[in-house]
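A, B and C label the chains in the order they appear, each numbered from 1.
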Amino acid sequence: MIWKRQIPILIVAFIGALTLFGWFVEEPNIQAFVDDDATQWYDILASFAIILGAMNLMKMQIQKVARQKKGWPYSIVAIFGFLFAITAGFFIKGVDDSVAVWGAHVTTEGTLFKWIFDYMFTPLSATMFSLLAFFVASASYRAFRIRNFEASLLLVAGIIIMVGRVPIGSLISSWVIMYIIVLALGIGVNTWKKDKKITFGVVGVGIIIVTVAGMMTGWPLDKPAIFYLPIIQEWIYYYPNVAGTRAIMIGVGLGIFATSIRYILGIEKSYIGE
Amino acid sequence: MSMTVILGAWIAVFLTLGIFSYLYKDNPFYKTAEHLFVGISAGYWTSIFFWTQIQPNLFGRLWPSSEFSAESLWYKVYNGLSFLSTSVFPSGGIDKGHDMHLSYLIPFALGIMMLLSLIPKLNWFARWGIAYTVGMAAGLRAYGYLNSNVLGQIKGTAASFTDPNMPFFSLTSVSTFNSLVILVGTITGLLYFYFSKEHKGVLGKASKVGIYFLMISFGASFGFAVMGRISLLIGRFVDLIKYSAGDYNNATLWVLVIMLIILGYDAFKSRKTPPVNEEAV
Amino acid sequence: MKALEDLILKIGKVDRRWIFLVLAIAVFIPIIKPIGMPIRATETTKVVFNTIENLPENSKVLVSIEYSPSTKPENHPMTISILRHLFRNNHKVFVTCLWPDGQFMAQDALKQVAEEEFGKVYGEDYVFLGFRPGNEAVVKGIVSNIRKLYTVDVYQTKIDEIPLMDGIKNFKDFAFLFSCSAGYPGTVEWVQYAADPTGVPMSSGVTSIQVNEVMPYVQSGQMKGVLAGMPGAAEYEALMGQKGFATSGMDAQSIAHLVIVLFIILGNAAFFIERKRSRKY
């Protein structure tokens, strides 16, 4: 039991405390260990963890084939892919030592490993990510609804960023935005007063003011700057957006600090399954 | 264009269109591409991590060529390993510029214990290695997040309201108005997450303002998320267009046509064949 | 009016595969038939550009590549433009990677820019140190003692034999850091463990998804500007006066965004009509 529970907790407490206090201690031996060797050991164990993950994955695929579970032929494809990549990584370089020695072959042009990276790994990983573009579009269409004021704030901010950050946003005149604001004001007044005359009056007056102002100034594309979409977008992105994100960041930072201390003090033991 | 490049292009197009075929419905092309991705990723990452870390930094410190001695027992073990694989253990030791550090037997032992945890009875072996990485990460992050994400951000929120050179209002540069927006937004946003007191009265109003700022952040995040995904889609389409050229024997067009025919035939067949009532059978 | 409302309601219930098809067409057409919309650089991009432009001559700059092929359309054009800017101004470039795939991305970029465009000499004008696993531990290692972490470069040459590495002991020996990042580990780790504690200035190019996460660092001055996704890369290309992949993708990006905004408006129109009718009945 001591091997399975107490010793791992002791390791976390000791290494965690050493790493944390290593930031503040000037003693050269401790600093040398914390900054150099301890980080190297971390890197080595991280590598073993990745290899463990890969081997565990293959173990599951092999079990699926052996037990002929649903979809087992596809597991053969997965095992084939793994063996092919391992062959390229450890057994067949595809070039001789003068081009790339073992070790450098994982980054050198012309090797079988690089071929797998260019024509199999890259298309697969890139396409998996780009699939999400379609689902984002579908979700925007089917689920993004203005049910309350907060949702409409989210929507308006999202649309301003989406349109204002791309070249097409800089082609939309400030005057178009002003007309849209007048119409939105009309909708707001109608919701509040529920009187068609007042709504019509507000919208009409707004449109007249904007049109006269535009005619007097010659309809410049980017003036008044306060209504120019790229400028509005930049202001939202740099100020109110940062304020909200910063609040989340500070909260998360405090949470992570607290959780790290819990791990070091042995209160949190989820890494041993408790 | 060499045969390996053309073959590679055809495989890349098949895998890309196979993944995209999921948009129509789940089908064998997609499942094949997906499982191939799983297998190749596992093999790829294993190779990369082994050759960039374990071989040079672990084995390179246990058996460096700078201290090679054919008579020593330690290097006799190395010669035995070299017999098994001259690529991983080249003769004369591993030359990566390291000195010998036998203390690296500790991470080596922890690493082997991690790998042995694949055996069900020994699955607790991984705990020691995991404990080391957890402890190290906790120590690093406690300082990093407190310094940069808390103290650094609080410093960034602080604003000067007595600077005579600062304009009151400016959309594109620092101004009193903008500093006020950041200050009020950060404080009210933080107050929204304070759940030790009921959100009533002044706290209620402040947290309401906070949630408006949070909604603006989420809206901006949504906008950027859409932007990011569309960018990746553009990248894939550019590659597919490149591989449709004659240099690659029009790979995209052929693979697309064949897939459309097969999926179209399958759709036509499944419409014609009524679904089987499994209970009746 | 009722006919229009019925049409909008019908469109609101359409199978999502039609939405996929419309989006695919909206992205595909501008790629094959570019429109050539003008690109306007934002303030955060200009800050990155000016920071690099104002670096003293022959500055030693660390460029860290942490993205994979999956985000290549967003990050790779940034890397290309930044390397062009650095080599154009004759700075000395040191390339590291926190992601394994970053190594291949860096290699492609260096081959295109350093070798083919500028004819720079390896070991005298630039060094490719490569990938090391360990996430933030690698950043810490670079900050404390880069020579212990990187004993060999990516081509397995000892760094003691590389002339450009003379005098480079740790992170403080660099004048500037540029991190081209797509997630963890990346920009955040560089800010927390390298730039903030040491005061070495840094900028970053990030994917659009990540922009919101790093904006507080930009606003507080912990980072000098940021290149936000493919639009940010296109803006940098415009500032450099050299169009690249990012610029060519902006037309498709613009049209796709407009299409998605249209979808949102249509979806909400259908929602309001349905709500109005259900209230009526």
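The rule is short, and it goes like this: a contact is a pair of C-beta atoms (placed from the backbone, for glycine too) under 8 Å apart; a residue touches a chain by one contact, two chains touch by 3 or more.
Note that the coordinates shown come from a computational prediction; the quantities given were computed from them, not determined experimentally.
The touch graph of the protein chains shown is complete.
When chain centres are defined as mean Cα coordinates, C lies farthest from subunit B. Inter-chain spacing, taken between the CA centroids of subunit B and subunit C, is 15 Å. Separation between the centroids of subunit A and subunit B, computed from CA atoms only, is 9 Å.
Subunit A and subunit C have CA centres that are 12 Å apart. Multi-chain contact residues of subunit B (touching two or more other chains) are listed as 23, 44-45, 48-49, 52-53, 56-57, 136-137, 140-141, 145, 148-149, 153, 156-157, 172, 182, 217, 220, 224-227, 230, 232-233, 235. For subunit A, the set of residues that touch two or more other chains comprises 38-40, 42-43, 46-47, 50, 103, 106, 117, 121-123, 125-126, 128-129, 133-134, 136-137, 140, 155, 159, 162, 165-166, 234, 237-238, 241-242, 245-246, 249.
Counting partners per residue, subunit C has 20, 27, 43, 70-72, 103, 130, 132-134, 137, 140, 156, 212, 216, 219, 228, 231, 253, 256-257, 260 as the residues that reach two or more other chains. Chain contact summary for the complex, subunit A toward subunit C: residues 31, 35-36, 38-40, 42-43, 46-47, 50, 101, 103-104, 106-109, 114, 117, 121-123, 125-126, 128-129, 133-134, 136-138, 140-142, 144-146, 155, 159, 162-163, 165-171, 230, 234, 237-238, 241-242, 245-246, 249.
For subunit B in complex with subunit C, the residues that touch the partner chain are 23-24, 44-45, 48-49, 52-53, 56-57, 60, 95-98, 136-137, 140-141, 144-145, 147-149, 152-153, 155-157, 172, 182, 217, 220-221, 224-228, 230-235, 237-238, 241. Per the touch definition, subunit B reaches subunit A in the complex via residues 4, 7-9, 11-13, 15-16, 19-20, 22-23, 31-58, 87-88, 90, 101, 103-104, 106-108, 110-111, 114-115, 117-118, 124, 126-143, 145-146, 148-150, 153-154, 156-157, 171-172, 178, 181-190, 192-193, 210-220, 222-227, 229-230, 232-233, 235-236, 239. Interface residues of subunit C, counted against subunit A in their complex, comprise 16, 19-20, 23-24, 27, 37-40, 42-44, 68-72, 101, 103-104, 107, 111, 130, 132-135, 137-138, 140-141, 143-145, 148-149, 154-156, 212-213, 215-216, 219, 228, 231, 250-251, 253-261, 263-264, 266-268, 271. Per the touch definition, subunit C reaches subunit B in the complex via residues 17, 20, 27-28, 31-32, 43, 70-74, 100, 103, 130-134, 136-137, 140, 151-152, 156, 158-160, 188-189, 191-193, 196-197, 207-209, 211-212, 216-217, 219-222, 228-231, 245, 248-249, 252-253, 256-257, 260.
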